[in-house]
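Next, two complexes with chain A in common: one pairs it with chain B, the other with chain C.
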Partner chain A sequence: MTTPPPATPAPQGTTTEAVLLLRLAGPLQSWGSRSAFNRRETNPEPTKSGVIGLLAAAAGMAREDPLDELTPLSLGVRVDQPGTLLRDYHTVSDFRDRPLLQAGVSAKGLQKPTSPAKYTHVTTRYYLQDAVFVAAVAGPRDLLCTLDQAVRAPSFPLALGRRSCPPTQPLALGLREGRLEHVLRKEPWQASRRAREQYAAQCGREQELDRPLYPACIDRSVTIEDPEGDDVLHDAPVSFDPYARSFTSRRVRHGWLSIPTGFPRPDTTDDGADEAAGHDPFALLGW
Partner chain B sequence: MTYLSRIRINPLRAESRRLLANPRAMRGAVMGGIPDAPQGDRVLWRLDADNPRRPHLFVLTSAKPDWTHIVEKAGWPDADGEHAAVRDYAPLLDQIAVGREFAFRLTASPVQNTAAPMSPTPTQAARLAAAADSDSKRVRGFRLGHSTASAQLNWFLTRTARWGFDVPTARTDAPAPGLADSRTADDARNTEVGTEDAGPARDIRITASRRHSFVKNGKGPRVTIQSATFEGRLQVTDPAAFVTRLLEGIGPSKAYGCGLLTLAPLRSRTTLQ
Partner chain C sequence: MLTEPRAYIDVHILQTVPPANLNRDDQGNPKEAYYGGVRRSRVSSQAWKRATRLHFTERMPEQDLATRTRRISSALAGLIGADSDLPAESSSRLASALLAPLKISAGKKEGDTAYLFFYGRRQLSAVADLVRGRAAELAALDDAELAAEIDQLPVQEKFSTGHPMDVALFGRMVADVPALKVDAATQVAHALSTHAVELEFDYFTAVDDETMKEQETGAGMIGTIGFNSATLYRYASVSLHKLLHNLTDEEAAVTAVEEFVTSFARSMPTGYGNSFGHRTLPSLVAVVVRTDQPVNLVSAFEEPVGAHSGIAAESARRLAREYATATSVWGDTPAFTALCHTFESSGKIAEQLKDTFAEPVAFPKLLAGLRAHLTDTVKRATR
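For the complex of A and B:
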């Protein structure tokens, strides 16, 4: 039995803003933003519609329910482990050996058969393998407190962009105080143990050491929602209603954060503070 | 027992300016911090001004010193933090072993001795003339400071074996494909000409070079020293000789802030591709 999730701090009257951290990790993920027809692509990072959809599913909202409460939440995504791209060759056919139907409908409202008759669709689906992201959702504290509980006990099964991509645990990392960027900077690196060991071994090889090197910090890329940002992503959901699905765009900014690696005893690194300190003869005198 | 001290100096105070301007005044202040210094005992000190708003004075003494007078007259007496840190030097000396690598910093006075200076100063010319007039066989040589970086570096690198350590070659990235041949050709050309800095680059650099000129007590002959600050990486080859240099200093002008070799842990680089 896994350990119970850490208790969420009680809401405080003074601070109404909070940040909910989600660890999006699984064998496969797929975050499509412009997929259509037989080619289903994935973005290299989780989309806002994917994260909002995951939260809505956890909260038990129906697809037709309005998203007025969830869309104002701002999203920041940190790439802890970029993963690799998987191309899935996929065929679709009718098991009764009948021709496939086309998208268009007849006057009766029924799908018309393909002409000439087509028995097999070849579709290509892309996935991210072995990726780990930390998604930070900032917004009103009460709402995020509810969503945090919902993610820990979801109403519908949760998925990482597609129904075939279930998440691994832990998914919810809990609520945090402070600004979005600050929270993402403080949260330790969430990559898998194997990826962390590989990184330490690579650092050791680069230093020409015979042992792995455990640095205290690592640089990871982030995408943060920012009205002043210089990039536009068309993945903000307006409605998930099957008959009225629509999206709008949002401005984001991309950057890099130096985050703690979380190694048990990290080696000292030369970040800016150390550089300013310069040569310190007292460092070898045992304090 | 040996102690290393670090004293914060407030550069805005009148006494500080006197100390910072004149190595002889600083030496007086340093010697004033040791109550029962044995005769002939060497006190080493160095002024590190890499942060000009907060210079640090490092002093190596064989007895436990007290720096209250410097803090009161040239520091921040009521400020937070440690005005003067005094620590036992033994933990460092215990770590000295063959093959250990440290980052080092040294302000030294690189000099050469010559009996026939190429362009003698008036004083030197007078002494040379006096020696020529007299019938003595030997002329005492003149101590001249090295003022160019290559001469200072050469002075240092030719003596490191005697001091019990070695400066390893600098860690550089592998050359790009196709560039390896030109690099070896470069090296070959250097050795052919026989320049001082032939061979692969060592992990050392000169971070400051300065000429000090001052008079003792406002009168008497003028003292001039040329100092250079070396920083880099060293590898211990002879622990006994190295510890002697750590405790007794390197090169001349030790009274005036030269010769204190300090060690620090090597910085580990964490560049990620």
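For the complex of A and C:
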């Protein structure tokens, strides 16, 4: 568990800008942006459609509901722990025990069964394993306040890009003031305790020390929505309506931010307490 | 928008599986994933959901389940005919008229639909009930008048509410008729081992009985099977409000939760079952009902459990600690908690589990408690 987020301040009735922070962490995540039928890919970072979809689900919106309010929100994603790619082998069969259909269509536009008959589709699903992201959503304060509450008591179950990837807690880190980039720069590193300890140990080794080194800052990559940005991502949702599902592109800028590592931090767990106490040779001598 | 009350039923399970290969990848080896920087055994959510669903459908009365058939039209005609004294021809004309608004294309044979329609038996009776007592009157109308009359009836609504339990829990996709899609009320996570796991190989030789007789030596065949053994953390969450929405029946929603928890706890994927005989029961089942948000406790095992002590017991301790931290830090007290475990009742672990979750009870009693709580929740909301 990381430190609890501060309670969200009460809505103030003004339409000032704010930033909602979400910690997207779980053993598996999958953020698809252009998936064909039997190859379900994941982007290396959460997509805007994924994050907006999560917020819409939390707020209890139906797929057909207009997204007008949510699409203008701008998104910044910080990669706190990049994770690695997992390829999952997955098979699908027709429940009627019938052969699957051919990929091509006849002149009439019909698909014929495969010949020789083929009964199982192999589909490949990609996941990100062991990753942690911080998603920052900037927009009108009132709206974000509602969304923050919604994420804490969601209408629909939330998922990290795919239904089988439930998030671990804490998901909502609360609202922050200021510009998106500034907020992302100030928020402490959200990687797991183990990952942070390993980083400290590695820093120590690099400095040829026999003990871990706890630097105050670490560089993490970010992707921030910016109309002047130099890269284009095709992952901004227009509608999730199954009849009229569509996406558009948005401009982003990639970069690095030096963020606080959160070392040294208070240990709340009991086995962490001995570590913090360290070794006291004088205690052995009874001095 | 949604049927209140909002409640999520979180199911946390710890289950130790002996050497097994429950769920294979394309190399034939057990599926794996990295978490907390180490390799873990993984059983995909799809695999365990299928096992749960099979276990579920085997035990439920047929009335409560969905059926897949081409013969929906003749089934409906049969129901209408049983209620009235219409000739068979008229009742099948009524049945086709009732199904016309769904735009299911007709099949080659009389009374068939072009593809298998997946519906609940109760839903079909509800549709038949729409014309109960009026069958003779409707049958007398000509085609245009009949279509106009049928248009007034909520046929589509009968098919999009009161879904059978398995559809309500696990969802349904109907490619041709999107109005009949049902979003699942359950969310199942991939099962992950609480500790680091290495893939192992069983090298085997098989004896050829016929060559044995002729005093030939050597194996008939050789091969390897990948396997591992693991203590798995399994998590699933059911949203009660979604179930109520899908089922439109309070009693059925409570039963569906109870049956789902039973099937999720007792089922197991059968992969390589005959080679490994891996059927076990969970060593811990904790059920937590929350009105705020589902809480997946897999982060308890981000730091992998070490092999120096009993892994199941240490996993249970970690789970209890994570749960306690989650409730104390977030201040969200769950509405209901129930626990069932197999650890020594006088031991330290049992005490810790009791302090954090609840007094342990036998599994049937856990279900009874859950049922009582949910019935109460639903009643209070509708009062």
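Here is the rule we use: the second predicted complex is superposed on the first by the 232 of 287 C-alpha atoms of A that agree within 3 Å, B and C clash if a C-alpha of one lies under 4 Å from a C-alpha of the other, contacts with A are read in each partner's own complex, and residues count from 1 in each chain.
Here, a residue touches a chain if its C-beta (ideal position, glycine included) is under 8 Å from a C-beta of that chain, and two chains touch if they have at least 3 such contacts.
In this text, all values refer to a predicted model and were calculated from it rather than measured experimentally.
*Asks:* Looking at A:Cys217 after the superposition, I want to know if it touches chain B, chain C, both of them or none. Which is it: first, second, both, neither?
*Replies:* So A:Cys217 only meets chain B here.
*Asks:* In this superposed model, does chain C or chain B come into contact with more residues of chain A?
*Replies:* For chain A, the partner with the higher number of touched residues is C.
*Asks:* Could you look at A:Ser164 and tell me whether it touches chain B, chain C, both or neither (first, second, both, neither)?
*Replies:* So A:Ser164 only meets chain C here.
*Asks:* State whether A:Pro66 touches chain B only (first), chain C only (second), both chains, or neither.
*Replies:* A:Pro66 contacts neither chain B nor chain C.
*Asks:* Tell me which partner A:Cys203 touches in the superposition: chain B (first), chain C (second), both or neither.
*Replies:* In the superposition, A:Cys203 touches chain B alone.
*Asks:* After overlaying the two complexes on chain A, where does the chain B footprint on chain A coincide with the chain C footprint?
*Replies:* 268-269
*Asks:* Which of the residues in chain A come into contact with chain C in the complex?
*Replies:* 1, 4, 25-28, 60, 62, 84, 86, 88-90, 95-96, 122, 127, 129-130, 151-159, 163-171, 192-195, 198, 242-243, 268-269
*Asks:* Chain A touches which residues of chain B in the complex?
*Replies:* 4, 6, 48, 50-51, 58, 85, 87-89, 91-92, 95, 102-103, 105, 171, 231, 262-265, 267-273
*Asks:* Name, in rising order, each residue of chain A that touches chain B in their complex.
*Replies:* 199, 203, 206-208, 213, 215, 217-219, 267-270, 274, 276, 278-287
*Asks:* For chain C, which residues are in contact with chain A within the complex?
*Replies:* By the definition above, chain C touches chain A via 1-2, 6, 8, 24-26, 31, 33-37, 40, 44-46, 68, 116, 178, 181, 183-184, 187-190, 192, 235, 237, 239, 241-242, 291-299, 302-303, 321-322, 325-326, 329-330.
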